[in-house]
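A, B, C, D and E label the chains in the order they appear, each numbered from 1.
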Amino acid sequence: MNLDYSLLIPEYWLAALAALVVAADLTVPATHRLRIRYMSGWLAAAGMVVAIVVSIVPYLDTDKDFGGLISVDDYTTFFRVFFCGVTLFTILASMRYMEQRLSNPGEYYGLLIISTIGAIYMAAARELLTAYISLELLSFSLYILAGWSRTDLRSSEAGLKYFLLGAFSSAILLYGISMIYGVTGSTTYAGVASGLSGDVGDIETGMLMGMALLIAGLGFKVAAVPFHAWTPDAYEGAPLPITAYISATSKAAGFAWFLRLFSGAFMPIIDDWRWMIAALAAASIVLGNLVALRQTNIKRLLAYSSIGQVGYMLIAIAALSPDSAGALLLHLAGYAVTNLVLFTCAIAYHDETGVEEISGYAGLAQRAPFLALMMSVALFSLGGMPLFAGFLTKFILFQVAVEEDLLWLAALGVTGSFVSLYYYLMVIRQMYIEQGPTLVRLPFQPVMYGAIFLLGLGVMLIGLYPAPVYEMADDAAQVLFV
Amino acid sequence: MIPLEHFLVLSGILFSTGIYGVLSRRNAVLILMSVELMLAAVSINMTAFAVYISPDLFTGIIFAVFVIVVAAAEVALGLAIIVRVFRQRASANVDEVASLKW
Amino acid sequence: MEEAWIIPAIPAAVFAFMFFFRNLLPRQGDFVSVLGALASFVVFFFVLADALDGISLGEKIRPAVEGFTWLEFSDFEIRIGFYVDELAIVMLSVVTFVALMVNFYSLGYMKGENHYGWYFTILSLFVASMLTLVLADNLLLLYITWELVGICSFLLIGFFFERRSAAEAAKKAFVTTRVGDTAFLIGIIFAFYQVGTFDIQTLIEAAEAGEISDGWLTAISLLIFVGCMGKSAQFPLHVWLPDAMEGPTPVSALIHAATMVVAGVYLTARLLPMFEVAPYALDFVLIVGLITTIFSALVGLLQTDIKRVVAYSTLNSLGLMFVALGAGGHGLTAALLYLFVHAFFKALLFLSAGSVLHATDRQDALELGGLWRKMPLTAILFGLGAAAMAGVFPLSGFFAKDEILAVVLDERGPVYFGLVLVSVALTGVYIARIWILTFLGKPRDQHAYDHAHESGPLMMIPMVLLGILTLVGGLVVFSDIGQELGFPGGFGQFLFVEEPEDFHFDWALVGASVGAALLGVLMAFYFWLVGSGRRAATVEALMPEMALILRRKFFIDEVYQAGINYVMLGAAGVVSWFDRAVVNDTGVNGAGVLARFAGDRLKYQQTGVVPNYALYIVVGVVVLATIAVVTVAR
Amino acid sequence: MEDFLKEYAVVATVFIMLGAALLMMPIPQRRPDLIRVVAVVAGFAVFVISAGIFAFYDWEEGGLQFQMRWEWLENVGFFEENGISLYFGVDGIAAPLFLLNGIVTFAGCLVSLKIKNRNKDFFILLFVLSSGVFGVFGAQDLFFFFFWYEVAVLPMYMLIGIYGSSTDFGTFLRTKEYGAMKLTMMLVGGSVLIFVGIFTVFVEAGLGTFDLQALGSVSYDVNFQKAVFPLFLIGFGTLAGMWPLHTWSPDGHVAAPTAVSMLHAGVLMKLGAFGILRVGIFLFPEGAAFWMPALLVVGIIGALYGAVSAFGQRDLKYMIGYSSVSHMGYVLIGLATLNEIGVNGAVLQMFSHGVMTALFFLVVGALYDEAHIRDMTRFGGLAKSLPLIAGFMAIAGLTSLGLPGFSGFVAEFHIFVGLFQDYEWAGVLAVLAATITAAYVLRMLAMAFLGPFNERWTRLPDMSVNEVMGASLLFAAILFMGLWPDPFVDRIASTIVGFPGIES
Amino acid sequence: MSGTEVIFYIIGTMTALAGIGVVTLRSVVHAALSLVAAVLGVAAVFLLLSVEFLFLTQVLLYGGAVTILLLFALMLTRVRDVPALMVGAQWPLGLLAAGSFFAVFTVSVFDTEWRWARDNEELTSVAFEDIGDTLFRVWAVPFEIASLVLLVALVGAIVLGRQEAGDR
């Protein structure tokens, strides 16, 4: 048994960083803290940069496992960078928001960082218990973060709902895991797979029972219909940066687990569960996009839109193959970057005006052209328009589905994406067409604008020169199917 | 020896009861208690499988240990959240804490 | 003869030049246009001399074919080609001459109008198009120029566009002829698919050789003839022509006398060999011509607008030409002769009418009268034209009408002959009537009368020239005179279909023809001059309904207007409604509304209550699990 | 040097537009003069380049020229050799359309110089639009074909929404937002089908590449062709204003600002027809043969329907909008003939209608900007005080009714001839539509520009110098094709002859 | 039926009844006590499966700490205890859903051939050392993560539970 702890350096660093941030916040006296503005934030951000470096450099082309529980391979590396990146930008986007509307910065950043560990291990785990416990680590952090705001009543309500439903769904998930364990006799993915592939006869109903429960639990995590109901409420209630974080990390972590688990463990019986995923995908696309048509709050709109997006991503799971995994990773990357642009813009605007309603965006193009521009870029990208990431990643995603004979799902996905364009355009309409109450320019925010610019470049990069990212994603995906 | 299925049925009863509790209770604490019931059912399942299937590796037992630990942490965290909501709204009934909707 | 292309090229170049530079030139460049017309006219004589060189009596000139490929696409070729034969030469002579006259006349008539230079620009384009039309060796080029002529007429009729009536008349002219053109175009394309080319001679040869089935041949002939009907204002597509009098008078002369309206006659004449082969085609031509000629004579009886009466006389003449063409036999010769002389006396009539108009600013004969005292020369010239129109011996119109009557009698028998004779008599009535009303009697509008004066030399010279030609133009039928002029013989010996035709008087026929004409003229004198028109009023009072019908031109305009109002605008209304209510509001918006409605309903599943959410989860699990277990369970 | 120019000419058109848009972004809003300079220079540059592409397309050689290929995604995922490449090339069909877009873009720049409010955003969006159009015409890779196609749709919403105008019909209101949204949604909705079509083609071909030529070399199963062709037909047909999916066109074009109407009605609608030809018929000749009668019927209905609708309009722009539907009906009819003459006519009509309708919108825009109404019944006799506007309007109108000497005749005549080859009955109806066109064009001219002068408009200024320049450019193009169509026909024929599925 | 089996069915019935009590009893305190009973019943089942370690954990953690926490929570959040309103409006649906889940689950349990399960063998208890050894050797990483989970829960409980100035 290989217990090479050096494989886990990035996570140890993250844990240490979390401790450091909390400790710094506790120890530096309040008088000094005022002098070093955003101290905790900058510390955490710098630490995340280190974490990204540490995640990449030693592990290029590594393919090792830790005790059969954790894999450190291209896939893990991909998600380490991914999650650390998301956390980094969330931290950057949080700084001003934190100062204005939240408290306890040390704990806040600490929890963000620790939740990153959970997300990474969900992607890296090769065993159900490890994955489950990582999931709980991530979830607990998010429950707390969602309810972080003391000034906003909605925040604690969101935390409560998220928590209660999360606990409920994780019980369901566990029950599913137990059934799978019972049928296959193992909790490692490889063990499950061999337990299934040795099966020459019919598939056991117990296994399917377990899968239904497991899919429900995972579906909750990624917010697939009908397990989605927490999403709009949690998105709306949570502080904006946390909404951004949930939309990127929580979803991506769910899919990271989804991919590794389903490709590693359930590939032998794909024909028996494909319809479940396909059904969820279809339901998500339809419900998410339709309900989003009638939303007035930007967070809620994005929540429903993200439900629709989950539908697209589930298509890749339904069409599980090495190609589809690569496509999904690429799409996740594009989606996360796009979403971060969108949310960071929303946060930047919120920081200045406190506006969350879509109608409050009226006249943004004149008040803050840069924000409006980047927000439009992100919205168009989400709507699947070219020049931006969304077009290419969705294109590849759906193409993969068609390769696996899921033409109807791909068609539904394209249609959903078409519907989604309507409500994205409604936001753009507010920003560009409607006249705002004032034409006063919003002040320049260097940190936010810098972050938005970088992320926007990412959106354009994936949209216009996707080869490097796609190759990385594809390499990462190949690992799963060896 | 008691058949495995009987343990599973017992856990199924507990799990279903828990589901019913979550679906029908209004008080957040009671919902949490129902979830605990479900987790207990999970533990039974895990342990029974572990004992009947792979006693040498007893993965299920370890799993059950973790489930219990997580459940405990969950209760602690849930308590904090519920109490906080209660402080803000003077109610821990979930249908009264429903300002976020539609 | 190979240089015939120069004739249209000159006015075309003038047009292009004037289009861009007219405002840089003195007098807005009118002299360029006049010189261009003159040059064309001169070049025509060179071409004529070349054509006549070395042919003797009974010989046809060797047609010259000249041109280049404009557009080629696999087996589909569009040529700009010129074909010069006798027919083309007759037309060229008419067009170049009248163009020159009108140009001159316009110098005086149009002086001081707005857009003076623009007028001459369009005039040049018109002349160029008309000349090309006459020379075209293929149907497509002919169609192109046909359309160009149409648009020029639109622009010229609408020249005084600030008058609502002028604008409407221009529109009406273009759209009505366009209806005919639609059929023409279809006919051309059918012909293309039958013979694989647009070449006119090839088409005729194929038709004569029987390579085209009868059905196709009839279809092609009739479709093309419908085009001719539009352009030559044959019933029922005649409505535009009287209204076209809204244009400047020289334009009326140019369009209604010499050029555009005879384009249809020319085309029918050009394709006559094909029409003769096609069943029913000639009969159709004959009947349409007959209807038109009688119809227009009847309507002309009670009109009072000078120019309108002249316009109806044009309809009348055109109908006669088609009667001649449709009669067969020597009809071609007769029709072309009529066309040739008609150009002179009709131009004369219009220019005289223009002279009156110019002098008095009145157009309605009821406001005029007694003008011969103020404008004797005009009165004489108008009278000359009117007499020629009526067919009074020995004016040019007489010879032509005589020929036509002879042909009809020979080929179609006494019934048709009688009908034509009626038309001739009616012509005598109305044309004499208008002359009487205008120039004789007492002035009815003293103010107009007082201001009346003879027009200036720029206008009078062309009129006098035309008057002389009206007087002597008919003599070309005589072989001796033809030979004196350098032709191999008289008109019928120069232009013929199968064999040269020698002109001879059939005295009975002459008697009938002249008798009918004179009878008409005398009736006019009797009713309208003697007793200052009280007798006419008496007759009118006897049958008021009849008079109303005639005055309102058989209500055809009203019917068409109703057609446009109820059918076209109605269809537009229905389509608009369909477009908005069905396609847009139901089809397009409906989908959107449906989606939004679904969203509106679906969003209420988000109740905000945790146990509801949990219920969704459980239902999801149970459904998934049930389906899975039921399908797989042993 | 020449090779270099030839290789990069097409890329240059696309990226000059995009580059100019990028270049404008940092220019501050308070320097509109600078923006105008960039816009005109870029517009002129692409005009010159596209004219060069048209001129130097060697029609005797034919085939794809001006080729350039950059690998974009290759040997990754399911992509194999040449998976997706930024592959440009110009064939004989695209060459005139390049010229068209160059002309209309430049003319659009010229007339847009007078925009004062947010002109920076306007030009950025306009240039993105134009780059997309160039991209589609040049794309030889199915993915990028669609990519640029969507790029061209992308900026429309904002362009119309911000700079457009609403129309009050008395009983109901057509707002610019509505027009913009409908246009965008319908076009994107159409592309849903194209999306699905592309997926299936890629899988069916199984080559792992989107290279259009490679995909075209596969012979697809006939039933597959029959099933998939309608996706492309309807998808592209939506953009081509195919009845009954045309309703975005009148409302959208009316709501749009001048330059956008020009580009959209003039060029963008051609993308649809171009797509049907370049992708639909090219890949699925047998499917096309199966479905073409349906397209023919729809095209005829569109031509008549548009003409009759236009006849009933009082709003000048609506009349033009419906006339676009009618004329695009001709294009579709031409394509539906599937013979060389008819398809040739369709491509000619694309060009002809492009310049003609651009001229229409330019003139109406010039009028509307000053008069602020477009109801033709409320004008009258404008030819007196506004000879330029009236003149250009008349030219556009006459082109539209197929007057010989102008481009419309050449195009429509080809279409008619092609149509009569197999479908006489349809030919009669199509020619009838041309007659109705004459009726409504003349009705419009008579109502608005002829007749007694309405004194209310005494102070209305005529077209500005910029507008006259733009209009003259378009007029020159109309005359060029009308008087000397040979260059066009040669180029188109070099590709049409031997094009899959098109008979002689 | 051996003694073990009798005991199992008795304990099982009691546990199930206690569980039903948790979700049906109108008094929250009764429900909490019923939960204690159910948890202890589950502990007894662990014992029957001869997993003493779990039995101990269950009794200590659940029977002790968790229950007390829950009672605390109930006390802290109880302003009014109106028994009639303990159950939400959708309880019939809940019953239906839970019932159908149980039905499906039972069918699948009896339908499945648990082929990995040993038959007719005596249960051997698992030694504490073995559990500890495995926990820290094989399951070291999950263990560490679990520690983080506990830490997070702790920090979260403190942050959320703490009253601060500006709280609403």
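Here is the rule we use: a contact is a pair of C-beta atoms (placed from the backbone, for glycine too) under 8 Å apart; a residue touches a chain by one contact, two chains touch by 3 or more.
Since we're looking at a predicted model, the values are computed, not measured.
Participant: Go through the assembly and pull out the chains touching subunit A as well as subunit E.
Facilitator: B, C
Participant: Closest chain to the overall C-alpha centroid, by per-chain C-alpha centroid: which is it?
Facilitator: That would be D.
Participant: Between B-E and A-B, which chain pair is linked by the larger number of C-beta contacts?
Facilitator: B-E
Participant: Going by C-alpha centroids, which chain is farthest from subunit E? Tell me that one.
Facilitator: Looking at centroid distances, C is the chain farthest away.
Participant: Using Cα averages as centroids, what's the distance between subunit A and subunit C in whole Å?
Facilitator: Result: the chain centres lie 77 Å from each other.
Participant: Between subunit B and subunit D, what is the gap in Å from one C-alpha centre to the other?
Facilitator: 64
Participant: Rounded to a whole Å, what is the gap between the Cα centroids of subunit C and subunit E?
Facilitator: Using C-alpha averages as centres, the distance is 102 Å.
Participant: Between subunit C and subunit D, what is the gap in Å from one C-alpha centre to the other?
Facilitator: Spacing between the chain centres: roughly 37 Å.
Participant: Provide the list of subunit B residues touching at least two other chains, using ranges where the numbers run on.
Facilitator: 8, 15, 18-19, 22-26, 28, 31-32, 48-49, 53-54, 62, 66, 70, 73-74, 77-78, 81-82, 84, 88, 94-95, 98-101
Participant: Two-or-more-chain contact residues of subunit A, please, as numbers and ranges.
Facilitator: Counting only residues that touch two or more other chains, subunit A contributes 129, 133, 136, 140, 143-144, 147, 153, 156, 159-161, 164, 168, 172, 182, 185, 204-205, 208-209, 232-233, 422.
Participant: Can you list the residues of subunit E that touch 2 or more other chains?
Facilitator: 88, 90, 93-94, 97-98, 101, 104-105, 107-109, 111, 114, 116, 138-139, 142, 146, 149, 152-153, 156, 160, 167-168
Participant: Judged by the touch rule stated earlier, which pairs of chains are there in contact?
Facilitator: Touching chain pairs, listed by label, are A-B, A-C, A-D, A-E, B-C, B-E, C-D, C-E.
Participant: What part of subunit C is in contact with subunit A in the complex they form?
Facilitator: Within the complex, subunit C touches subunit A at residues 592, 595-596, 598-600, 602-603, 605-606, 608, 610, 612-614, 616-617, 619-621, 624-625, 628-629, 632-634.
Participant: For a test of understanding, state which residues of subunit E touch subunit A in their complex under the given definition.
Facilitator: 104-105, 107-109, 111-114, 116, 137-142, 145-146, 148-149, 151-153, 155-156, 159-160, 164, 166-168
Participant: Can you check the complex and tell me which residues of subunit B touch subunit E?
Facilitator: So the residues of subunit B touching subunit E come out as 1-2, 4-10, 12-30, 32-34, 36-37, 40, 43-44, 47-55, 57-58, 61-62, 64-66, 68-84, 86-88, 90-95.
Participant: Going by the contact rule set out above, which residues of subunit D touch subunit C in the complex?
Facilitator: Checking each residue of subunit D against subunit C gives 182, 185-186, 244, 246-248, 251, 305, 308-309, 311-313, 340-341, 344, 381, 383-384, 398, 401-405, 409-410, 413-414, 416-417, 420-421, 424, 427-428, 431-432, 434-436, 438-439, 442-443, 445-446, 449-453, 485-486, 489, 493, 497, 504.
Participant: Mind pulling up the subunit C residues that touch subunit D in the complex?
Facilitator: Residues 70-76, 114, 140, 143-145, 147-148, 151, 154, 158, 161-164, 166-168, 170-171, 174-175, 178-179, 181-182, 185-186, 189-190, 192-193, 568-569, 571-573, 575-576, 579, 583-584, 587-588, 592 of subunit C touch subunit D in their complex.
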